[in-house]
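Next come two complexes built around subunit A: one with subunit B, the other with subunit C.
Moving on to the complex of A and B:
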């Protein structure tokens, strides 16, 4: 039997097993006639078959088995080992298989949790299996990774060089874990509604899953942004590109969701809202996938696109939505419990957080899809660039920062506004003074900048103070430490982004060897140009030295790489990270010219942007361990 | 000389002619040009502005914008001319026109509606 057939058989087994398990949703008995169905066995079969076929696919890429179309299209025998492996999921078919693997992995882990309510557990697993069934069917019908090639060749076409990057090898899997993680959240919602179990205990079970997905989504978006920063060579890290937006939307919904789960757990209110957010978040994850795959949007990410595949995702989304909303319509009247909400209280703060996060979500949604709507109905093309998002999100961001400062310090149930304001007033004045001093002594700031920066700094200081106050035993694994870290991270993120956009400078030079390039207080000498050879590319490398009174402090080596499989030219940036600013050099060589185009960026606070994302992820990790401890 | 010979080797792979080296702009004109470059989409690239692109198309457009600035046209006039030639798509920020009202006002409407919904929810719970 060929390896490809083995893969097909594994996926067919998975299809069958997930279908049988999914049937439990409409036929809730554990046996068909004399045949007993054990959900534990089925879940394990599903997971093992998915894992085995994914490993098999990696194996085919590793041995560069060009009997298979997918390997021919996406690999090359001379490719470095790590990219051979990453090539397995650097394409539509492989990434879909990875998607299914993650779906089944979450299902499997959920099976092993210590939740005692078997009825609930069975429904969650069955709904999750329904999703696995849908995607496996999609895989086998339209995107089979184990398809044999029709024309036997000895060599593959290679992987797009821009994707041959260590970060990009791990960025999609991490993002996928985040996206797919919200599938189990939706299954929780469906299972909970069927078994009438949307209560505080349900929220406590759900909480870690919401955070795990959030951690991976945050890290995935961060890694993608980091990759764009050094690989695309435009100096930016976020472009409001449709695909970036598509990952930001589930992030915003997911962030709103896990704050709400906290209220549900503490106060036993907002049941139906949590259900709606669960449905919304996973739908947005699916739409994110749909946007990437369909190629209907103009984006840097359209390396894997095909309209018919997009159509399947839409049909699938429609089925999921119909099932969940029908259930919701039936159960909604019995879901909500009433409880008094004081307008000055932590729960009101979280409600406001939801209001603002969802408003931001709407802005991103509108900006991403408006060009499509205008194109469809008015036959007109428009671009919605960064300016739109910055202008529209600014007022929401201001309010969000305010809420994030006062919300976490207020008490549950009831608090006094004067108490809250008093407790933050000192830190607010301190922040204002710092920003003012900065504005006077270093660089004049506009009013909006002063306001935003002050709020960011206040948020960071208040979160630090709050973290220390509520985490008296200095435990690393605690919900308050997690919350503080994530909030400090968010404040730092906005602060660094504003500082970065305000103070970044850049200059384009047309330079010849021995030229002296001057930007701000930095002097660079263009030393030389070499031809170098990499593993699977040829390169032209230029050398620049950063000078301080004729002594060389740093050396920069931007490159132009010429790949032959497939033939592509890429510009490799050279970045030196300093504590306060990145120095970023990228070059290209114009036709018929005796100079090279050199672009030098001085980008302040870049390291802090990455640090802020790490802080948010660490915050999530800190509270997840606390949650896991709690369930045990 | 070594630089030049290397450049010739890779001529075949790289296309990014730059021809406006000799056009000199004042500091104010230069910053206006940069601003316009960042606002103009490169029509042959994927979500890039002409500022970030080195394609032939982008270079031509940059040259055009610089010529217009030197000819004394305002940013508004130049943008209008670009839209007339290439359609609205070329500008990164959508115009504040009738067909875009919902795009620009939508966020505020939603923010307001959200606030009302939230307050209603709180009041309903407190009944």
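Moving on to the complex of A and C:
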């Protein structure tokens, strides 16, 4: 039996097993109700078959088995080992298989959790299996990774060189775990509604899953942004590009969701709201995948795509929405217990934060989908400039920061506004003074920027104080530490982004060897140009030295790489990270020119942007351990 | 009864107020969206519209063979974008992306000087050398010049 057939058989087994498990959603209510299916065995079969076929696919890529179309299209025998492996999921078919694997992995892990309520467990697993079934069917019908090639060749077509990057090899799987993680959240909602189990205990079970997805989504977005920063060579890290927005939308909904789960867990209110957010978050994950995979987006990140794939995801989304909303419509009257929320309380703060997050979601959604609607109905091609996002999100962000400052220090149930304001007043005044001093020194700061910066700094200081105050026993595993870290991270993120956009400078030079390039207070000397040879490319490397008087402090070696399989030219940036700013050099050689084009960016606070994302992820990790401990 | 009325009134005011805020917010966002839309034109479409020198637009098509030039004195790149029916002269100061080449698809963003020339602020590059911007494909299709490979 060929390896490809083995893969097909594995996926067919998975299809069958997930179908049987998914049918459990209906057959307790039919005459077959007596049949006892072993959900434990089925779940394990589903997971093992998915894992085995994924490993098999990696193996095919590793041995460069050009009997398979997917390997021919996406690999090359000279490719470095790690990119051969990454080639397995760096394409539509492989990434779909990975998607299914993650779906079944979450299903499997959920099976092994210590939740005692088997009825609930069975329904969650069944709904999750329904999703596995849908995607496996899609895989087998339209995008089978184990398809044998029609024209036997000895060499593959290679992998897009710009994708031959370590970070890009791990970025999609991480983002996927985030996206797919929200599938189990939706299954929780469905299972909970069927078994009438939307209560505090349910929220406690759900909580770690919501955080896990959030951690991976945050990390995935961060890595993607980091990759775009050094690989695309535009000096930017976020372009309000539709593909980026597609990952930001579930993040916004997911962030709202996990704050809301906290209220449900503590106060046993807002059941409907949590359910709606669960449905919304996974739907946005699907929409995100749809937008990226269908190729209907006009994006800088567009890869080869196919409209029929998009159609499937839309149909699938419709089915998921119909099932969950029908269920919600039936169960809604019994969901909410009591809901009286005082306007000055922690739960009101979280709720306000929810609305603000959803407002920003609306802004991003409109900006991303509006061009599509215009294209569809008016046959007019448009795009939305970044200014739209910046201007629309600014007021929302302002309010969000305010709420994030006062929310965490207020008490549950009922609090006095004067108490809250008093407890933050000193830190607020301190921040205002610091930012004010800065604004005198750097006169280009505008009032909105000063306001935002002050709020960011206040948020960071208040979160630090809060973290220390509520965490006297210095435990690393604690929800308050997690919250503080994540909030410090968010404040730092906005602060660094504002500082970065305000103070960044860039200059373009047409340089010849021995030229002196000057930007701000930095002097660079263009030393030389070399030809070098990499593993699977030829390169032109230029050397620039950063001078301090006559001594060389740093050298930069930006590169132009010429790949032959497939023939592509890429620019490799050269970045030196300083504490307060990045120096970023990228170059380019125009055809028939005797000079090189050099662009030098000075980008302040760049490292802090990445640090802030790390802080948020660490915050998530800290609270996840606490949550897992809580279940046991 | 009196108490009830006050409660209802209070609730009504809250609802009306939040609806008002919602409407204002939506209007602001929509206006903001309208102001920041960048329209895409093929060279032929650009002939048909009234040029507004303040608006940033995008123009896409093929880079005409033999039209790509660089002037060392002025440091300006010049090339011609064509949809094989009409042509647009592009001038650009900056860095031309690696994937830019004659006879390949390109999208530029900038301000039109008149119906046949544009000052580009950005020349947009794509990831993949075989990638053709969808607008360019559409523009070529509209003129019946598109040959799929």
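By definition in this document, the second predicted complex is superposed on the first by the 619 of 632 C-alpha atoms of A that agree within 3 Å, B and C clash if a C-alpha of one lies under 4 Å from a C-alpha of the other, contacts with A are read in each partner's own complex, and residues count from 1 in each chain.
Everything below uses one rule, namely that a contact is a pair of C-beta atoms (placed from the backbone, for glycine too) under 8 Å apart; a residue touches a chain by one contact, two chains touch by 3 or more.
Not measured: the values here are computed from a predicted model.
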Following the overlay on subunit A, give me a clash-or-fit verdict for subunit B and subunit C.
clash
If you stack the two complexes on chain A, which partner ends up touching A:348: first (subunit B), second (subunit C), both, or neither?
first
Contacts for A:531 in the overlay, against subunit B (first) and subunit C (second): which applies, first, second, both or neither?
first
Return first, second, both or neither, reflecting whether A:392 touches subunit B, subunit C, both chains, or no partner chain.
both
Return first, second, both or neither, reflecting whether A:325 touches subunit B, subunit C, both chains, or no partner chain.
neither
Quick one: classify A:593 as touching subunit B (first), subunit C (second), both or neither.
both
First (subunit B), second (subunit C), both or neither: which does A:241 touch?
first
Going by the contact rule stated at the top, is it subunit B or subunit C that touches a larger number of residues on subunit A?
B
In the overlay, answer first, second, both or neither for which of subunit B and subunit C A:438 touches.
neither
Does the superposition put A:570 against subunit B (first), subunit C (second), both, or neither?
second
Once chain A of both complexes is superposed, is A:59 in touch with subunit B (first), subunit C (second), both, or neither?
neither
Identify the residues of subunit A that lie in both the subunit B contact region and the subunit C contact region.
298, 300, 302, 359, 362-363, 366-367, 370, 380-388, 392, 510, 560, 567, 569, 588, 590-591, 593, 597
How about subunit B: which of its residues touch subunit A in the complex?
2-4, 6-7, 9-11, 13-18, 21, 39, 41, 46-49, 52, 54, 87-95, 99-100, 102-104, 106-108, 110-111, 114-115, 117-118, 121-122, 125-126
Which of the residues in subunit C come into contact with subunit A in the complex?
25, 28-30, 32-33, 35-40, 56, 58, 68, 70, 72, 75, 77, 93-99, 124, 126-131, 133-135, 138
Listed in rising order, the residues of subunit A that touch subunit B in the complex are 234-236, 239, 241-242, 269, 298-300, 302, 338-341, 343, 348, 351-352, 354-356, 358-359, 362-363, 366-367, 370, 374, 378, 380-388, 392-393, 395-396, 510, 512-513, 528-529, 531, 540, 560, 562, 567, 569, 588-594, 596-597
Which residues, counting only subunit A, touch subunit C once they are in their complex?
160, 162-163, 295, 298, 300-304, 359, 362-363, 366-367, 370-371, 380-388, 391-392, 508, 510, 560, 566-571, 586, 588, 590-591, 593, 597, 599
